[in-house]
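In the two complexes below, chain A is the common chain; its partner is chain B in one and chain C in the other.
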Partner chain A sequence: MRFLRLKRLGKWVRAVISDARTWWTFFKISINERLVYRGDFMIGTLMRFLPTLTQIFLWWAIYDVISTAGSADSSGGPDGQIAGYRYGDMVAYYLMVTISRAFSSMPGLTSGIANQIRSGEVKKFLIQPVDMQGCLLMQRIAHKLVYYLIAALPFAFVFYLCGAFFIDGWPVADKLLVFFMSLVLSFALGFYLECTIGLIGFWFLEVTSLTFIYMLMNFLLSGHMFPLELLPEGPVNIRAVVEFLPFKYLAYFPAAVFLGKVEGAAMYQGLVVELIWVVFFIVVSRVLWFRGVKRYSGFGG
Partner chain B sequence: MPIIEIKNLTKSYRVYQKQEGLMASVKGLFKREYKAVHAVKDISLEVEEGEFVAFLGPNGAGKTTTLKLLSGVINPDKGTCSVMGYTPWERKNQYRRRFSLVMGQKNQLWWDLPALESFRLNQHIYGVPKADFDATRDQLCDMLDVTRLLNQPVRELSLGERMKMELIAALLHKPDVLFLDEPTIGLDVIAQHKIQEFLKAYQQEQNNTVLLTSHYMKDIEALCKRVVIIANGEIYHDGSLTQIVDKFSGDKVVTLHLADSVDRDAFKDLPNLIDVTPPKIKFRVQREKVGAVLSGILNSYAVDDIVVEDPPLEEVISNAFSAAEAAGKVG
Partner chain C sequence: MSATHPPRREDSASESSTLESLQARLSPSYLHVFLTFARNSLVRDMSFRMNFILQCCATMSWAAMNFGLFKIIYRHTESIGRGTGWFEDEFFIFLGTIWIINSFIQTFFMANAEEFSELIRTGNLDFALLKPIDTQFLISFPRVNWAQLPNGVLGAILILVSLNNLAADPDRTIYISIWNIFPFMFYVMCGVLVMYSVMIVLASTSIWLGRNQNLYTFWFYVTNFYRYPMEIYQRNGIGMALWATFTFVVPILVVSNVPARVLAQPMGRSWMNWEAGYAVLAAVGSLVASRYVFNLALKSYRSASS
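After this line comes the complex of A and B, so read on.
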């Protein structure tokens, strides 16, 4: 009896090792594949900061206006506050959101999955003994790592230039730890959320409009466009609704932790809720995959 | 016991019927009409281990659907199927490690990377031990003469070279059962021939079971002893190539080489004259009349050479298809 159990355990361990090898190979291949397009990457990285630059100028103008209106002495530049953000905080927020988005954004994932379903490429994952989501995940991790490697230098440069905007300096210890954990989770959340949308392609062959709605929601409700503190709390409390949605973990939350906008118990609570959202979308995307495959094999081909 | 056993397999698709015109499109938003397309109707088939079987049929006959059913991509509406004891659409990993499906029109390799990388990935996906992998890879690359191309990105390979790489990728885990869906589509004659030769040698060596669909008769002539003709989702014929020729063509093609030049008109009475370019004359005769017709000619003319042959396979098959289609319409 015990021997049998040991044997089963051995079999299971071997299976896990063999899976791990597959994923490792897949990971290495994805990195190689990504390195083919390194030039494309460099340009893309710098482009990421272009919208941030416009934001910086826009907010400078806004702060300038309110400080002129609010105080007699406006010669010292903008020094008012909007929803608890000083001008420096605002710029720092946008820079941090760029970091969050570097983790949570998944360009081409949704459309990629939908295209694979429509073109029938998804068959590969029915025929070969390998999981589609696992492959995509490995591919994403590899792409992101290559991206960070290449983007580290331009990012460091921009942050060095903008160091003065971080008025309260860099956070320490627990905040930094929660910040990093929230970034990793925002990667997972972005991945499984977009997987979920892409897999809807099993039911509607075209998911472009759905992707568009998602992008819009993401843009407005994740804190990508502006800090969530700016959302109105009355007459309808939009802020509270957005707090309840998963989007804010894609951009706002990590940035807010870093800047000390969310602290103490709320910070840890946020991390737990983020984790719950990740698990939720893992489960939903798995269910969609199995249902979708069933439907696919029942109807089409 | 047969390695592949198909019993009463039926599969139909639901296809959205779109009417022409704008109004119809608007109507389609609310109410859609579907038509059932019967891709495969009540097919039963057995294949023994080590057989090389060709599926022939016009486009849309159900060949690819059958291969998809066998490889577990789609579920049937009715019927059972067992391949090496597994039901394909359960998609068990044990089963998936033992077969391969190669589609001539689909690319499975990593586009931007050398084929070698794709091979290595397959090695791990299928759990092939390193030593076996190296040996198989070297052997296959040698047979297909592509060793020097292993380190070139796949996108830089020609169509023929890519197809060879696809085949290698599919064979690295030594599948017991191999499904080939038009493996030579779009290739030039030389590349086609290379791949035929390879498949033949490989199958003889491994003695695995191969099912092939193709539009090229040359593929089938070169490779398969057994041919299954599918039309309208039904098996119309299952047997050897020679049987097909017997069944669907009662004619022989006779070519005469005359010793003296004769007047063209002398032969205008011959039924089914194909070509007259003196001193060569080509015509068709019903098989049972070949003797009588020839002796008649030999009595009247001096003949240098006589060739009696079966009509080209393309023609025979096309006859078979038309017969099958006609039967389908009546039935």
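After this line comes the complex of A and C, so read on.
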């Protein structure tokens, strides 16, 4: 009896080990895949900051107009505030958003899934004892890790140059902790949200326009374009609607936590809501996957 | 006798003339080829009509979002840059100009430039090189993306509305006449040529780099600088360096600024200054330069997968 139980346990351990090995292999392959294009990567990372550079000048010009004639605050920039943001805060916000985006953006995930469904490539996940989402998740984690490894240098360089824009300096420990947790969650949220949209491809073979709409919403509502505080609250309270949607956790929320725009109870509450959204999209994407596979008829060879 | 054996000199003359006529017949009418391309693309777009309409909606919503952003910004400030004259209506003329130039680029060149990178990667450029037509022409125009055109129309509407607002404003003394449309269109065309040249150079680099899949991203980042009035850069050392780079090295700042100034006349300033003359020079210069880079790149082309 005891022997049998031990045997079963051994079987289970072996299964876990072989599973872990499978994931580890996927992980390694993806890392190597990414390291092939190192040069592309470095350039790509620095390019990410070009829009920030124009933002610095654009907002300088804007703050210059609203500041009282000839005065400047302690940071040397023009004074005056827009929706509670000083000039430095505004630039710091855009810089922090590039970090949020480095975690939450999943280029090509939605279209990749939809293409695999359309071309019939998805069949390989139905035949092999490997889960599609798990495989993709490994791939993305590997890609992101390589990205941070290579991008750390250019990021550090840019942030060092722009240090003066962070008027209040580093935030205190608990904010920093929430900031990191919200970044990790934003990675998960971005992944499962895009998975969900890609898996809609089981029902509509062509999801390009859907992807575009998602990209648009993401760009506008995540706070990628401007801090959400700038949104008008009247006559229609657009801001309240946007605060309710999951998009803001992809860019705005981590940046706002870091800059102290969301504090205290609201900060922890936001973190919990973000977690709820992540769980929500995990469940939805799993349901879509199992439903989709059922109605899937493999086209192509 | 003479009928069966015509003089030799006459024979060779007629031979050369047939060769010439043959050449004339072979060398295609570029306009005709372009119109065929345009028609084919339209037929293709129209056979997926729903997709076409969705694409139109998508590009227009992108424009709407852009408009919304600046509407929000102008809730908080009265102009962009102190004393630059880019008040709300003036700036929306600028924005409309950008939309028009962008829609030209997206309609005629963007899809083709992306396709060019793909041709290089797959080695299918061989077929383009073999055809008896200028290669740059052939790779620049085969696909006309009609769905991008509505954005240009939106740009024109935005400009007209803003001009109307300006004309109704008694405080502004800008000179608006219907004839302004000609220099405006002329400078828009100069701008399109500059942007086309930048794109051809970017696409050509994929011959050397092999992989240039993110051409659109790259393009987005580079053209990011021409979306704003040049005055915002003219502030400190870095800004001036940026301004000089994107005026003299890659002349994309004049692309948007010169035509926008023709209509908007910020601060009542005349648009006829050195920048306007320089825009023409930039258009010609960048066209020549891009042609040179393109030919240089073609020389390094080694076909793939053969």
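Note that in this section the second predicted complex is superposed on the first by the 272 of 301 C-alpha atoms of A that agree within 3 Å, B and C clash if a C-alpha of one lies under 4 Å from a C-alpha of the other, contacts with A are read in each partner's own complex, and residues count from 1 in each chain.
In the analysis below, a residue touches a chain if its C-beta (ideal position, glycine included) is under 8 Å from a C-beta of that chain, and two chains touch if they have at least 3 such contacts.
Nothing here was measured: the structure is a model prediction, and the numbers come from that model.
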item: Fit or clash - chain C, chain B, common chain A; value: fit
item: Touching partner for A:S297 - first (chain B), second (chain C), both, neither; value: first
item: Which of chain B and chain C A:E33 touches, first, second, both or neither; value: first
item: Touching partner for A:Q128 - first (chain B), second (chain C), both, neither; value: first
item: Contacts of A:R21 with chain B and chain C, given as first, second, both or neither; value: first
item: Partner chain in contact with A:D174 - chain B first, chain C second, else both or neither; value: neither
item: Partner chain in contact with A:A83 - chain B first, chain C second, else both or neither; value: second
item: Inter-chain angle, chain B to chain C through the CA centre of chain A, in degrees rounded to a multiple of 10; value: 80
item: First (chain B), second (chain C), both or neither touched by A:F226; value: second
item: Shortest CA-CA distance between chain B and chain C [superposed frame, angstrom]; value: 7
item: Chain A residues contacted in one complex by chain B, in the other by chain C; value: 37
item: Residues of chain C defined as touching chain A within the complex; value: 51, 54-55, 57-58, 61-62, 65, 68-69, 72-73, 75-82, 84, 211, 214, 217-218, 221-222, 224-225, 227-228, 231-233, 235, 239, 242
item: Contact set on chain B toward chain A in their complex; value: 13-14, 65, 68, 71-75, 89, 91, 93, 96-97, 101, 106, 108, 110, 112-113, 117-118, 120-127, 153
item: Contact footprint of chain C on chain A as seen in their complex; value: 37, 40, 44, 47-48, 50-51, 53-54, 57-58, 60-62, 64-66, 82-83, 206, 208-209, 212-213, 216, 219-220, 225-226, 230-232
item: Chain B-facing residues of chain A, complex; value: 18, 21-22, 24-26, 29, 32-33, 36-37, 120-121, 123-124, 126-130, 294, 296-301
